[in-house]
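Pasting in a structure now, in C-alpha cells, and then I'll have a few things to ask.
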Amino acid sequence: MEAQLSLKGCFPPIPTPFNGQGRIAHDRLELNLEKWQTTPLAGFVVLGSNGEAVLLREPEKLAVWETARAAIQKDRLLIAGTGCEATVETLELTEKAARCGADAAMVVTPHYYKGKMNHRALLAHYTFLADRSPIPIVLYNVPANTGVDMTGETMIALAEHPNVIGAKDSSGNIVKIGQVASVTQGRFQMLAGSGGFLLAALAVGAVGGVMGLACVAPHLVAEIVSSFEKGDREKARETQGRLIPVNAAVTTRFGIPGLKAALDILGMYGGPVRSPLLSLRKPEKEELQEILRVGGLLNG
Amino acid sequence: MEAQLSLKGCFPPIPTPFNGQGRIAHDRLELNLEKWQTTPLAGFVVLGSNGEAVLLREPEKLAVWETARAAIQKDRLLIAGTGCEATVETLELTEKAARCGADAAMVVTPHYYKGKMNHRALLAHYTFLADRSPIPIVLYNVPANTGVDMTGETMIALAEHPNVIGAKDSSGNIVKIGQVASVTQGRFQMLAGSGGFLLAALAVGAVGGVMGLACVAPHLVAEIVSSFEKGDREKARETQGRLIPVNAAVTTRFGIPGLKAALDILGMYGGPVRSPLLSLRKPEKEELQEILRVGGLLNG
Amino acid sequence: MEAQLSLKGCFPPIPTPFNGQGRIAHDRLELNLEKWQTTPLAGFVVLGSNGEAVLLREPEKLAVWETARAAIQKDRLLIAGTGCEATVETLELTEKAARCGADAAMVVTPHYYKGKMNHRALLAHYTFLADRSPIPIVLYNVPANTGVDMTGETMIALAEHPNVIGAKDSSGNIVKIGQVASVTQGRFQMLAGSGGFLLAALAVGAVGGVMGLACVAPHLVAEIVSSFEKGDREKARETQGRLIPVNAAVTTRFGIPGLKAALDILGMYGGPVRSPLLSLRKPEKEELQEILRVGGLLNG
Amino acid sequence: MEAQLSLKGCFPPIPTPFNGQGRIAHDRLELNLEKWQTTPLAGFVVLGSNGEAVLLREPEKLAVWETARAAIQKDRLLIAGTGCEATVETLELTEKAARCGADAAMVVTPHYYKGKMNHRALLAHYTFLADRSPIPIVLYNVPANTGVDMTGETMIALAEHPNVIGAKDSSGNIVKIGQVASVTQGRFQMLAGSGGFLLAALAVGAVGGVMGLACVAPHLVAEIVSSFEKGDREKARETQGRLIPVNAAVTTRFGIPGLKAALDILGMYGGPVRSPLLSLRKPEKEELQEILRVGGLLNG
C-alpha cells in the first residue's frame, strides 16, 4: 500500500494576482511563488477562498493552476481548490486540476442549500468525489464563508475513505479538531484553517495549517511548528500570541483586500481585488501597516 | 418617462426539471408552464434558488430561459435569476438573459465573502449592474441560503436607482418589508419571499410575492391577494393560515426535493434533484402527501 | 364556563421609574399611569422586560404592583411580569402578584439553561404554573433577551390549557404568529411583542400588542388597531410605516435607556436606569429627539 | 505588594445537591467535597452555572457557601459564583460570599439586556464591582448560557484592574484565550471554561480550567495539566482526546442533569435537578453510562 501524501507543515492559500485591467497577472503569480519558495513553506493552496476562486471563470482557474505548477518546485505541494456547488462539476474540475499537476484537491463544502447539507448529503457528495478523483481529497470546512459547519462526526466518517486524507477546518472549533485527530489516530490529517489557532491545533493533534497568515509571515508560522515540535512551549506561545493581531487583520478584519494590501506593503504583489470585493481605503491601509509593524513583520 | 414594470401578484420560482439522466427535461418544463398558465399567476421566476441555478452550467441556463420564454405568454413576466458571485459575471449573465427574452433580472446578493458584503459593497455591486443592465433589476435577499441579510437601509438606497424596481425578501423580517415599502412610497415594489408571510407582507405594503408555494398552490396564493384587496380579512387570514404548513413543507422542511416531490404528487413534473441535493425518501414523501392533503391541495 | 379575559388592544410594558438615588419613584409611576389612562390603552404590563424586572428585588416588585393596581382603573388590565428562572419561584411570585391585584401574569421563558429549554421542559414549566396559578397566564417569548425561542408547536400545545390565555411574541416571526392564531382559532390570544409588526400581526390574527412603543405613542398604536378593524388599509399602513423608526429607537436601537429618555422628552417621567444599564449620552438623546420629531410625536 | 491569588490548576464548578424534597442536601455536599479532596483539584467553584445558582434563593446560596467553606481545606480555593443581573445586587452578594469565606468571586456577565452589554457597559459594571469587592474578581464569560460574548478587548481592559485577577472563558474561542494571555503577560490568569479545550488553552497560555468535567474526572484533567507541564505532548493529547466525548456528555449534550447522573453512576451524590430542568430519562442514563465506560471512568 502506497504511503499517504503528507500534509505536514504550513501552507498559504495564495491570493490570485490581477493586473490593473482585472486580468490574471501570471507573471506576478510566478514572482510571488518564487519568493515564497525561499521560505520553509510545505506547499501552496491555489484557488482556495483567498484565491477569489468564486470570482474566476473555469478557463482562468486552469491557467492559474498551470502557471502555479510550473513555478512550484516538485518537493512542495500544489493543492488545488476545486469545490463547486454541484457534485459532478466538482469532480470534473478536480480531474482538470489533476491534469494541471495538482497533488491534491481541497474541496469546500457545498453551501447554497445549507439547510440540506446535513451528514448524509455531505457523506454522499464527498464519497462520490473521492471514489472517482485521481488525486487525494482534503475536506475544507469554512463556516464564515459557507454558513455550513461540517461536524466532527462527518469528518470521522469520511476519514474511512482511503482517498480522503485530511481536512482544513477554519471554524476555530478546537474541540472538534482534537476530537477528529484523536479518533482517526494519524490516518487523517487535520490542518488549522487559520493562523490564529495554529499552536492550539498542533497541541491537540493537527499536523499543520492552511492559513492566509502564511502568505505574509511564512517564517514565523513555520517557527511556531518547529518550536512546538522541539518542545519549546514558551517560544511557540510567544510567536503565536504576537501573530494573533496580524492574523486577524489579514482575515476577518480586512479580508482578502487586507491580505493583498499586506503583500504590497511587504514588497510582494497583492494588487487589486475583483468586484464585489472592494480594495482597502487609505486609513485602513495605514492601520494595517501599523499592525504589521507592531507584529514585527516590517523590520528589514 | 416610461412606466415601471409592474411586479404585482404572485410569481412561482419554478424548479428546473431534470430527466432520469440528470439532463434538463425541456419538454417537462414546457408542460409545467402550460399548466401553470391556466392559473392567475402573474409570471415566473426562472432559475432562482428553487431552480437549482447554482447547480447548472451557463449553457444550460440559457437553454432553460429560451424554453421558458417560448412557453410563457407575453402577458406574463419571465424574471430570470442571474446573480453570480462576481459583479462582471452577473452583468454578462443578465445581458444574456435579456437576449433570451427575460423581462427583468432577480439578482441574489453575492455571498461567499459574506463578511465583506456590507452596505458599501452591495451598493457598488448593484449600482454597477443596474447602470448597465438592459432589463430592470429586482434585488433578492435570501439569508437562509446566503448568510447575507441586506438591510432596509441598503434597499432604500438602491431604490433611488431607476433601474432597480423592487426586491424579493425571503428573510421573513416583516418590519423591514414595511419600512422599505413605507419609505419608498410605491416607487419600489416589495415582494414576499416566502408564502408563509404573503398576507402579512401585503398588509404592510408589499405588492405580491415570489414563493415556492405558488408552484403548488397557485390558485390559493392568488386568492390571498384578491381577498386582501377586496378587504375580506377573514378569508385572507383563513387561507393564509391553512397554507402555512404546506409552505413550510416545500421550503425549510423538505426544500427543493420536497417541492419537486409535491409537483409529482399533484400531477405535474417534479422529478429528480441534482447532487449534492438528495431526493426525499419514502417516509418523507408520505408525510408530505399528508400535509398536502390536510392543506386541501389533493381534492379533485 | 367563565368567559376568558380579553387581551384585545394595546398594552404598554411600562418602565419602572427610579429617583436620583436609584429608588423606585412611586409618585412618578402614579403620574405616568394617570397620563396614560387619558389614552385608549387597554391596560398595562407592569414589570416586563421594559420594567427592568430583573434588576429589582422581590419587595420592590410587590410595591410596584401595589402602586400600579391602586392607580389603574378597574376597566383596564394590570398584567404582571412574574417569570423567574425557577419554576417554583415563578409560581410563588405569580401568587403574590395576584394578591396585589394583577389580572393576569405574563411569564417569560426560563432561559439561563437555554440548551435545555426544549418543548418538553417548557411544557412542564408552564403546565405546572398554569395548573396552580390563581390568575390566567400569558406566555412571553422574547429571544432577543432570552436566547430561547418558543416554537409555535409549544404555544399550540400550551393553548390547550384553560389557564393559558395567550402569548406575547417579540421574535418578529410573523409566520409563527399566524400559524398559532390559525390553529388555535380564537381560543388563544396572540399579541405582537413589538410595535414594529403590530399591523402585520393583526393581519394574521393577533388581537393586539404589548409594545414599548405604546408607552410613547399610545394614540397612534391604538389608531393602527382601529384603522385595521375599520378596513382602512391605507391609513393603517401609513401609521405603521411612520412609527417603525420610532419603534426601533425605543427598542433595539436605544433600549430601555432610550424609552426612558423618550418619556422625559415627551413630558412624562423616564428618569435614570439601573446599572448595568447606562443612560443615553447627549448625542444619542439628540438623535432620539429628532426621530421622535420626524415620527410626529413632538407636535403639540 | 501582595502576591496575586493563584488560579493555577483544575477547578470543578460543583453541582448543588438537592434531596428528594427539593431542599439542599448539605450532608451530601460535604460528602462530595470530602471525596473530591482526595484528588489533585486546586479548589472549587461553588454556585456557578453548574451549581444551578439561578434556581436558588439568596439564603440558600449563603448556606451552601457556609457548608462548602467548612468542608474545603484551607489550601484549596473556594471561588463563589456571585453574578446577578443588577450591579449593586452583585456587589452585595459578593460581600456576603466574602463573609462566608470565599477566596474569590467568579462573576458572570449580566445578560438579560444583552443588546446593551457592550464594552462600555461591561467595563463599568466590573469596575464598580472590583473597586469595592473585598475579594478578587474572576470574570466569567459563558455565551452558551448568557448570549453575551465578552470580547478579548474587554478582558484586556479589565485586566488592568488590580482586583480583577482572571477569567473563565467557556466560549471555546481559543484565539481569544491566546490573545488575552499573550497581551496580559501573566498578570491576568485565563482559565479554560470547558474540559474539551483544556489542553489547547494551556498551550496558548491558560493557567488551568474551571470545568464540569473536573467533577467526574478530577484525576484525568489534572493529568492533562501535569503531562503538559512535563512536556509529554503525546500523553496530554491522548488524555485530552479520550475525554472529549465524556466532556460533551456532561456539558452540552446532557447538561446539569447529565452531570448529576454521572456523579450518581460514579458513586458520589448527584441527585435531582430543580425545575424547569428535567432529570435524564432511562435511555439517556444508559447512553451516559456507556460514554463514561468508553472514557475509562468506570474501571475500578
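For clarity, chains are labelled A, B, C and D in written order, and residue numbers in each chain start from 1.
Here is the rule we use: a contact is a pair of C-beta atoms (placed from the backbone, for glycine too) under 8 Å apart; a residue touches a chain by one contact, two chains touch by 3 or more.
Since the model is a prediction, treat every value here as computed from it, not as a measurement.
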| item | value |
| --- | --- |
| Both-way neighbours, i.e. chains that touch chain C and touch chain B | none |
| Distance-maximising chain from chain A - centres being C-alpha averages | C |
| Euclidean distance of C-alpha centroids - chain C vs chain D, Å | 35 |
| Chain A and chain C, separation of their C-alpha mean positions in angstrom | 49 |
| Multi-partner residues of chain C (each touching 2 or more other chains) | none |
| Complete list of chain pairs which touch one another | A-B, A-D, B-C, C-D |
| Complex interface listing, chain D residues touching chain A | 172-175, 178-179, 181-183, 194, 196-197, 199-205, 231, 233, 236-238, 240-242, 244-245, 247-248 |
| Residues of chain C defined as touching chain D within the complex | 22, 49, 54-57, 85-89, 110, 112-117, 120-122, 124-125, 128, 144-147, 252, 255-257, 274-278 |
